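Shared between the two complexes below is chain A, which pairs with chain B and chain C, respectively.
Let's turn to the complex of A and B:
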């Protein structure tokens, strides 16, 4: 099947195309140089064309996501859609049901989204939900930062065994990256405690968060993984935590990036940094330290961050940072769910209301924007809301509009948020406005590259997957700085979205769900002999301490309708 | 004889996955590791009559029909009913349940599972106050305090104690000797015999006891000599054990979900567990009965946003337990056509609901002759998941495990049957 998209205004940062009028040709799901005269024509005159959006960090599938849905019927009731021809119904504002998740991403022109936290023992659950999430390509990051095997091998100083275990676990869970959440802290939470900072050891295992970050960062490059370690730092949400954040950022510095697939040059991906940029000692003297964090990112080249922008909504927080969620519950008194997962990790879920009337959420809103606006190079920062933690992904168009319009921000600061936003942060002093090119960077090019997927994702060059978004906004006649409401509408409802070369969205509505999304996972084998040995050790631990049989642990191929392995080292 | 290992038991919510089956031809003739009830499920020891062909009641008699006719009749009942109800789902796999949810959407039906008559109150309570749980391995490796409230695991979940409490865990090297077991049950049971502390409370006084324990935990004194029939000293002693737990777990069952107070009991129990985390580490696990009752609540939630009692009459999901539960609909005589999948309401529903079932067309997708099939107008027998078909199930605390196929008996799976019905309902709806 051939398509040609004519006359659109193209923003394609990876190919250095900044607002050029240009035709895009599609054949058999890929972008090509030219097509025959029989190709279907889509006219995009006066509209913006970007590669399909890539979300590097979201929570859309798996155990804690579903707990978020289950314990909050009040959230489901806020947003309900019915069955339509070829389309399933669903519900959920902050945590939409699976079908709705696929549709909503696609409607915004997003075609790839990564589940950022997968407990290995519950990996099958994540893949089951992926199965029911239409359109978008996806992957999941298994949790390593409080894993007993990792902690034990690192304690013994054995990086080779850690690497052999990690590559085995990535294959067994069909996972994509090494995710680290509050390293050592979630293990402490299994006894009701937490760690503070990067030098506080996990009980019994006696390794610190810092040692876990260091070890796994090295292992990540020994395995040649497409993505760097994906780090949720210690001390999330605590006033004064920026020091821990900066120390954590510094740990992998000096390690050399070694991806087998893709061409990232970073060795650290730090997530939802907004929650880690706080100064002060308590919520009274709390201040933004976003400028210091941004300064660090500006001066160092080994790191990419995402923001976790607060959107000022009632939402559902969910993370593998078990102790943090319990603290949040004691702070806001709302219902608390938790799930400690044997030998591996934990998690918690608590509803949260980020009200613009309240001082702290307003400051958090401003801190996120400070990070976006003070990090100079959009190749170092990705757009996320850590959906649904700081707000649902359906607010990305609003976040983009805040970034593109100082006027919009001024209106927020003057009329819609608490005065702490001005008092505790520098937001009111920053007038930078993002260009469409920069928006395409933080939502397409940068995430695709740091994920190691920029051969086929995040750009519109020949050979890329034909995942394309067309937005009804004319940059030649409309000014995003003043027409920010129109911009937000346009980004919410793409006029066309192509996925694998097929039109899946037209005029903001899903018209076709196309193929199932690809599930990316890393195929890496680190030293076959050593792997045999560690699998033997793992099996022994299973017999004694797991509640599931080793033979029933690995995710079977049946769960991946469109399995897409990506190579790491194969030794 | 063939030996198949690592088989998953399709009976109770423990979902034991270490069963060894001895197979001869298409028959399982023996098992290792299974408990008594799991074993009898595998070897069909209960002797129930097994259906192999679809049946339709004609002039009061069940007669064999082709699969096509049975599928067509079933689809017609769903498509023609004004308030179709699709109930059951707890003894089949998640793929079948997922087709069920789509079928409910297509037929504008109400879909509901057995939770509505067992752990429904737990679901309502977790929606009120939260759900702090852990996986089984955490209990085994860490728990020094284990509470069973309103349940008798020795009988209903026979391997719960042996797998999680008697067994040695990483931080509990001596197994049972390293743990304090508390049983809260008005009766003496085989489980209470094992307890270090048996709180033998008065019937229907769970709420009072829970409330007193929370009060003590928060630093208050009990003003009466006893609460719920338990001397206050014993309550102080029990709370002392709980709040000093290094890692505690509360297993709770139907004895508390169905005693007076229902979901209010569970509300308070969850709050007690939450409060305990101030001084201890404490978690809970609902003792779910059928092996995949949890799976239905998972699937229904990720597809529709709600765990059970979902009403698609308006074309989109609506959730209002008390109005959209199976018993509400049957007893109010709203339901005018019912499909039962993988469960037996005929044996468990109250009389008034059964009276309604007798008045309306009932479809039963069910391998065995049961009180429900006795009332059914259409019976479609599937392969049994976990023995004769593969599929996913979720253990009571949410760990998903792939059920194995051990023998092939050449019947369609629940999923395949439901897919065919769905296709037919779509055709009927398209022609309307």
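Let's turn to the complex of A and C:
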């Protein structure tokens, strides 16, 4: 099947195309040089074309996401969509049901989204939900930062064993990256505590968060993974945490990137950094330290961050950072779900209302924007809301509009947020406005590259997957800086979205769900002999401590309708 | 007042969802249009006229409309959902969710109501002459923001967890109440003229509960404040002598008030 998209205004940062009028040719799901005269034609005159969006950090599938749905029927009630021909009905504003999640990403022109926290024990559940999440390509990051095997091997100082275990676990869970959440802290939570900073050891294992970050960062490159370690730092959400954040950022510095697939040059991906950029000692003297964090990112080349932008909505927080969720529950008094995942991790879920009338959420809103606007190079920063933690992913168009329009931000600062946004942060003094090229960087090019998927994702060059978004906004006649409401509308409802070369969205509505999304996972074998030994040790631990049989642990191939392995080292 | 009379035909086995039966929806519609209103029956839509013979005349203004359901409709849910004005009279029983999300106007049910009458109610008056089920004037499942205004009166007995997460408005129960009335209550006034089985005001943080009858079992988390006579609550004088309690101190910073009639409740007063 051939297709040609004519006359659109193209933003494709990985190919250095900045607003050129250009035709895009598609054949058999890929972007090609040219097509025959029989190709279907889509006219994109006066409209923006970008590669399909790539979300490097979101929570859309798995146990805690589902707990979020279950404990919040009132969130489901708020947002209900009936079924349509070829589509399921669904519900949920901050935690939509699986089908709605797929549709909603696609409607915004997003075609790839990564589940950022998968407890290995619950990998099957995660992939089952992916199975029911249409359209978008996806992957899941298994949690390693509080895992007993990892901590035991690191305690023994045995990086080889850690690497062998990690490569086995990535294959067993069909996982994509090494995710680290509050390293040592969630294990401490199993004992009713937490760790503070990176030098506080986990109970029994006696390894610190810093040692876990360092060990796993080395393992990540020993395995040649496509993505760097994906780090949720210690002390999330605590005033004064920026020092822990900066210390954590420094840990993997000096390690050399060694991806077998893709061409990332970073060795650290730090997530939802907005929640980690706070100064002060309590919520009264709390201030933004986003400028210091941004300065670090500007001066160092081993790191990419995502923001976790607060969108000022009522949402649902969910994380493997169990002790943080308990803190949040005692802070806002709302309901709380807590989960212990045996030898691996934990999690918590708490609803949260980021009200523009309240001082702290307003400051958090401003801190996120400070990061976006003070990090100079859009190759070092990705757009996320840590969906749904700081706000649902359906608000990305609004975040983009805030970035592109100083006027929009001024209106927010003057009329819609608490004065702390000005008092505690520098947001009111920044007038930078993102260009469409830069928006395409933070939402397409940068995440695709740091994921190691930029051969086929995040760009529109020949050979890329034909995942394409067309937005009804004309950059030649409309000014995003002043027409920001129109821009937000346009980005919310793409006029066309192509996935694998098929039209899946037209005029903001899903018209076809196309193929199942690809599931990316890392195929690496570090040392076959050592792995056998490790698996033996794992089996022993299963018999002793796990609630499931070892044979029921690994995710079988049948779970992945469109399995897409990505190579790590195979030794 | 223009009257529209809905004479129920045989009620189906699977309940129908009559959230379209409100003065707001009927306003400005012809009789023919009202007969053709969609109504959910299980997983498909039917016309309102499938379940009711309909006659009368509508009006442009919802406050000028009185809907009379001329019979018992024990398989009909959501009557008066989110109505803002006008009146509904039901000459019999109703199923769940009568007056849910109600914002104004009046509903009178001459028979019994099933559970969830007046869920998340914000204004208006809902009166049930018979008994009602559980969760009278309670919050939507999962929500911590419940009934915030209006008046609910039940002349008969009610079930469990009424006024759950109540924030404001007033509820009067003339009969007896099962367990946990006013659970998680944060505001408003709940008056129970009959008896309560147990756990009145569990985890309440605010608001006021008056029990004129006997509370079988009372919670330990309430602080005794002594006896008060002839209560003056929201401009209404409630005569008699009452034990006054503050709680539920199982919840941090709680300042809910429970009054229990001195007569019959000596077993819960601390002397």
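Just so it is clear, the second predicted complex is superposed on the first by the 571 of 571 C-alpha atoms of A that agree within 3 Å, B and C clash if a C-alpha of one lies under 4 Å from a C-alpha of the other, contacts with A are read in each partner's own complex, and residues count from 1 in each chain.
Simple rule for what comes next: contacts are C-beta pairs under 8 Å (C-beta built on N, C-alpha and C of every residue); 3 or more make two chains touch, one makes a residue touch a chain.
Computed from a predicted model, the values in this text were never measured in an experiment.
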Which of chain B and chain C A:463 touches, first, second, both or neither: neither
Contacts of A:552 with chain B and chain C, given as first, second, both or neither: first
Chain B versus chain C as contact partner of A:536, first or second or both or neither: neither
First, second, both or neither for A:90, with chain B first and chain C second: first
Touching partner for A:99 - first (chain B), second (chain C), both, neither: first
Touching partner for A:343 - first (chain B), second (chain C), both, neither: first
Which superposed partner A:122 touches (first chain B, second chain C, both, neither): first
In the superposition, chain B vs chain C on chain A residues touched: B
Shared chain A contacts, counted only where both chain B and chain C touch the same residue: 71-73, 77, 335
Interface residues, chain B side, partner chain A - complex: 5-6, 8, 17-18, 94, 98, 102, 105-106, 123, 126-138, 140-142, 163-164, 168-171, 246-247, 274, 277, 280-281, 283, 297-299, 301-307, 312, 314-319, 390, 392, 394, 397-402
Residue ranges of chain A touching chain C (in the complex, touch as defined): 71-75, 77, 333-335
Residues of chain C defined as touching chain A within the complex: 139-144, 252
Chain A - residues contacting chain B, complex: 61, 63, 65-67, 69-73, 76-77, 80-83, 88-92, 96-99, 121-122, 124-125, 128-129, 132, 189-192, 204, 326, 329, 335-343, 349-350, 544-549, 551-552, 556, 558
